[in-house]
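The structure appears below as structure tokens.
Letters A, B and C mark the chains as written, and numbering starts fresh at 1 in each.
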Amino acid sequence: MTGVEVSPVEWVRGSLDQCVKCTICESACPVMEVTGLFLGPKTVGPQAERFRTGGHSPDHSVDYCSGCGICTRVCPQGVRIAEINSRAKAQLRVEHGGRLRDQLIARPEVMGRLARPVAPLFNWAMSNQLLRAVGQRMVGIHRLAPVPRATTRTLQYRLQRRRPRRPTTRRVVYFHGCSTNYFEPRVGLATIAVLEHNGFQVEVPRQGCCGLPLQSNGLYPAARDYIRRLTSQLSKPDLAGLDVIATSTSCGLMVKREAIEILGVEDRSLEDLASRTYDIFEFLRARHDAGELRTDFVEVPLTVAYHAPCQQQNQQIGKPVLDILSLVPGLKLVELDRGCCGIAGTYGTKVEKYDIAMRVGAPLFGDISEVQPDLVLCDSETCRWQISHGTGVASVHPVEILYKAYGGR
Amino acid sequence: MTEQPETELLVIGGGSTGAGVAWDAARRGLRVTLVDRGDLATGTTGRFHGLLHSGGRYVVKDPDSARECASENRILRRIAADCIEDTGGFFVTTPIDDPAYADRFLAGCAVADMPVAEVPVSEALRQEPLLNPRISRAFAVEDAAIDAWKTVWACVRGAAAYGARILPYHEVLGIRVERDAVVGATLRNSLSGAEVEVRAQCIVNAAGAWTGQIAKMAGCHVGVVPGKGVMVAMNHRLVNTVVNRCTMPGDGDIIVPIRTVCVIGTTDVPVEDPDQIAPTQAEVAEMMEAGEALVPGFSRARALRTWAGARPLFPKGDASGKVQDTRDVTRSHSVIKHGQVDGVGHLISITGGKFTTFRLMAEDAVDAVCAELELDSACTTAEVPLPDSEGHHFYWLGARQESMEERVHDDAVICECELVTQGDLLSAAARRPEQQLDDLRRGLRLGMGPCQGGFCSYRAAGLLHHDNYYDRGQANQALGSFAQERWKGQQTVLWGQQLRQARLDTWIFQGILDLEHIPA
Amino acid sequence: MKTEVLVIGAGTAGLTAAVRLAQAGVKVVVVATGAGSLGLAPGTLDLLGYAPQVVEDPLGTLPEFVSDLPEHPYARVGVQHVRPALEWFQTAVADLGYQGDLERNRLLPTALGALRPSALVPESMAAGEVGPGTRILIASLRGFRDFFPQLVAANLAAASRGLDVRSLEVEWSGDPSDLAPQRLWRQLEQPGVRRLLAASLRSGLDGAAAVGLPAILGRDQSGDVRRDLEDQIGRPIFEIPTLPPSLPGLRLFDLLKGALRRAGGRLVLGESATGFKAGGGEVVAVTASQPPRVEEYQAGTFVLATGGVGAGGIEVTPARQAREPIFDLPLAGVPRDPQDWFGSDYFAEQPFDRAGVRVDRSMRPLDPDGEVIYNNLYVVGAELAGAQPWREKSGEGISVVTAVRAADAILEAAR
């Protein structure tokens, strides 16, 4: 229903009216293709929604929806299928409770903070097969599921010792996300260096988790607390009106859209923040289109394969990584074109879903094996870990290639 | 039907009233035969919005009807729980309603012994987020959604358990009168074309809007005025509670959530012929606009289908007159004993009324029959649960989804919109093999969802052919006429999303299947 | 985003135009609400099937057809452009082995058992053109809910006297979710699964010379899947397209997407264009207003391939106002009184059916006076006025021919 003041959440639900049962979503759903446990996005989404009254949930199989969002993206009628599914999963959670596991894995910030002081021990434990088997039995995280490596020297820690740069008027805010801070600070360092190289002053306020894993695990109240807190952290008065750069495409999508449309957070400052939030390569491409991007690249003689994560494609910005990295001399850049790597955030780490996730990712892993790249580039951290796990090929954020191309080590 | 063309009570009309009469009379020990020219519940009963009235609509304008509704609402909740979804109802004062009416409404509820409770507007809006935020008052009542098809079939199954014979597809061609009393009727089996004579000791004319046409066959006059009411089903439940405007009854002032849709209704226009009641574009536009008062944005939501029913209006005390405004005709019912009125004995007509009061109508009619036949018996239907309602569990919307998920690895879903499985279809066909695809639709809800049969009609025809219910020609014919029937109800709502849907369905039938060139 | 040509719509027409342009070295971006209509298409290339009688020689019939229907897209394009466009398209999707003769429609079975005329058919369906004197077997997997071999066989036998048709149901799985088409396509890509199917087909052949199956034979390497089965049963196999999801259509989508990618084009799905900006009598940008902000797509040339009424390229309000929602282009063929739009006979031609955008010979939209509205805007495919693709069986023909014409016109204008 257009032209009427309905809340974004009601609007999303109302989009079920656009479904004409064409099955295009089903023909693109990577989970339905590999398991009969998931009945398909059309079935559990706009179709089942007609049977839900907001009271007692009649669902079970929607739990197997991975939340990759491919369905919404391919729907020719504009039905917000993945969003409808997400809310149905949250309702199931409200009624049936959930596993303690989901509370744990939905809080990467907490995990990162706990692991940080004992990072070497944590990393050892995570790679110890016996402990992982115990973890699988007791907690429900599959013993083979890819997990990140902790570090004692988080991004925020390293930034404290950063040499102050000459201030410029071109300031941007960097939204690094939990994973960059606690597990992959080099992504953050590379990003800041690339932006500074192009004349930007990068503000990195203290910031917490955006709440995406809580949302995708159906823990909506906690997710709302997190996103509200992050909003105020990124919107401090001295940062007002600045463009916000995100390097994790999942977190970026959360801020840009999902917190409003799925969680139903109605908050002017979040809407304002969303309107100023850009993916790093989206931002750099706009600079390039304006003739402002520095192209003083050195040769990067690597063969790299780029996988655009689902959450990146769901931002509808095209593939700016390709647009920018195609400018780097010596770089052999191959575009992978398979739907989903399977991990879908925390989905593929769960004992009951790991096999499904690996089957979902198998075609992508196969394509990568054929290309035999030096590196796989991917903008989302969990996808990188899954891809490396599934192929044995190292995977990095594409900004690290750009950093190399600008002469960084 | 060639064996035993003899019965005690012939009931003409397989709608709610006739089914209720068959149930009541069979329980009282009468040998009953029920006939309808088509499948059961295809008249007005199959064409109303599904509202089980609390009575609130009538408390000011028609207090007798209100009291009856309130009382029968309680009874039906007791005996027909399986047919009822306990949605509850709201009466709300919208910005275009006279605020003073609300107090008259409350006073009327008290007089009618009808439960009502005022709720804070914020609570009503919390429960129904799409309700007009500018309502000034809200009242909770015992409105509910009732499935007419289920109710009718529960009654006839109950009657059949007591020996009643149920004969859909039997049209009454004539009624035989001998020596001041009816003695029987001539029927034609509309499927086979065969004619048969039935002898009956007593006849109940429960033909709803067609009561006058049947009475005429016996040389009697019943001045039933068919009152056309247009309804529009919206693609999904914009509300999960029945919502009414708190005002004098008018057009398009109720939205009823029923099964997977919500229905807005209705109009009230006298017509000559209860079979000529197709909704016009103007009437549909009126209903869409009317919905805006209760749910802002209603007129831009997806309308799925439209149809009209013909109410059997019978002005009390005026057996012949035309009325100026059918809104003013009472909704309470009348039993006409033609022996007294027309000198034709053993013929009872029962007309007027509403679905909500069908049980009471049946009780009054069967009381009259027993008086006519000099039988001493009392009605028991108010106490006895209908078949499948013995557990006293109300229907809940999620039941089909839950059941589908439980069976999904054993039983394929054929109609995905309404979650009808292969097993559902084939067992319904097995129970009554003479059903047309449209009759199967009515019972199963096959093809009644967003795609309006675009996908499932092909599957259904294929399955019924596979299991030898249809030969090749019948399967093709079923598909073609199903598509035609679905088109009829969508024609006046072909805009927006439903137009896109219709285009896709046409693409499937013609572009992919090339149905229009199938060999005859 | 900035590009040279922006195509709106990812159906047959949009992707065809985009591939043609990208292969000629043009920077192309395609934006679309979703993955387009190819998943609904039977996958044949229908030029003209009925006019309204069955057409035997589509290319030969076209001149008379367009002279009777001057508003038809084939008339606007010009009949001389039809053959080159379709021949180019065949090479663009060569992996699917489209074959046929534009002067002879083939009659192929539908999932109901009617015979539908098609000009070019993919290799996977080619053996379906059967004549009297041969026995064919129509087979399926028991429980596959979108295909009924008995009904197909019965109708085929009635349609084509002398045709000897049998049907066969292969036992497969008692679990309906194993028979979901999307799972079957993938499972049949595995040799072990194929062996099971081949064994059952072999034992049920009953002297048949060819076997028809529903179109489920593999999404990737579909040719290999089918040929392997043919080798194992020793008979030609033909696919019969059925209800969506239509695998032959999806194979086309995959190939066109891949061709676009290899030629350097970009595809952005989930992006609904909602408006535009003009300047100096030309379109300068198309806007998409999905949260969190309005995106602008700047280009020198724009192609509108939004698919007409069925795909949202033409919207109709409850008050029966029909409009093209992005550029507000005037629509031709809309009966003035909404009461006249649709009749009560479902199978008759509906007066509203031919509504769409009217174009000149280069596919540029025209106003009611016949003037070009924007010099750098082109309209192709089902968005065009004057056709009834589902009745004529002309959908893919119109999409491909008008898209190629527009692409060529764009390339000419650039020179």
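Just so we're on the same page, contacts are C-beta pairs under 8 Å (C-beta built on N, C-alpha and C of every residue); 3 or more make two chains touch, one makes a residue touch a chain.
Predicted, not measured: the structure shown is a model, and the values here were computed from it.
Greatest Cα centroid separation from chain C: this falls to B. Taking the mean of each chain's C-alpha atoms as its centre, the chain lying closest to the overall protein C-alpha centroid is C. With each centre defined as the average position of its C-alpha atoms, the distance from chain A to chain B rounds to 51 Å. Chain B and chain C, compared by their mean Cα positions, are separated by 43 Å.
If you average the Cα atoms of chain A and of chain C, the two centres end up 35 Å apart. Across the assembly, chain B contributes residues 300, 408-409, 413, 455, 500, 504 that each touch 2 or more other chains.
Residue positions 22, 36, 39, 77 of chain A each touch two or more of the other chains.
With touch defined as above, residues shared between interfaces to two or more other chains in chain C number as follows: 40, 175, 177, 244, 311-312. Remark: chain C residues 1-2, 29, 31-37, 39-40, 175, 177-178, 180-183, 186, 244-245, 250, 257-258, 261, 266, 268-272, 288, 290-293, 295, 307, 311-312 touch chain A in the complex.
Looking at the complex, you find that chain C touches chain B at residues 40, 42, 50, 54, 110-116, 143, 145-148, 150-151, 154-155, 158-159, 174-177, 179, 241-244, 246, 308-312, 315-320, 338-339, 341-342, 344-347, 389-391, 393, 395. For chain A in complex with chain C, the residues that touch the partner chain are 22-24, 26-29, 32-34, 36-37, 39-40, 72-78, 256-257, 260-261, 271, 274-275, 277, 285, 289, 313-314, 316-319, 322, 335, 337. Within the complex, the chain B residues that touch chain A are 129-130, 235-237, 240, 260, 296-298, 300-302, 396-402, 405, 408-409, 413, 416-417, 419, 449-451, 454-455, 497, 500-501, 504.
Of all the residues in chain B, the ones that touch chain C in their complex are 281, 285, 288, 299-300, 303, 408-414, 422, 455, 458-459, 461-463, 465-466, 472, 475-476, 479-480, 483-484, 487-488, 491, 494-496, 499-500, 503-504, 506-508, 510-519.
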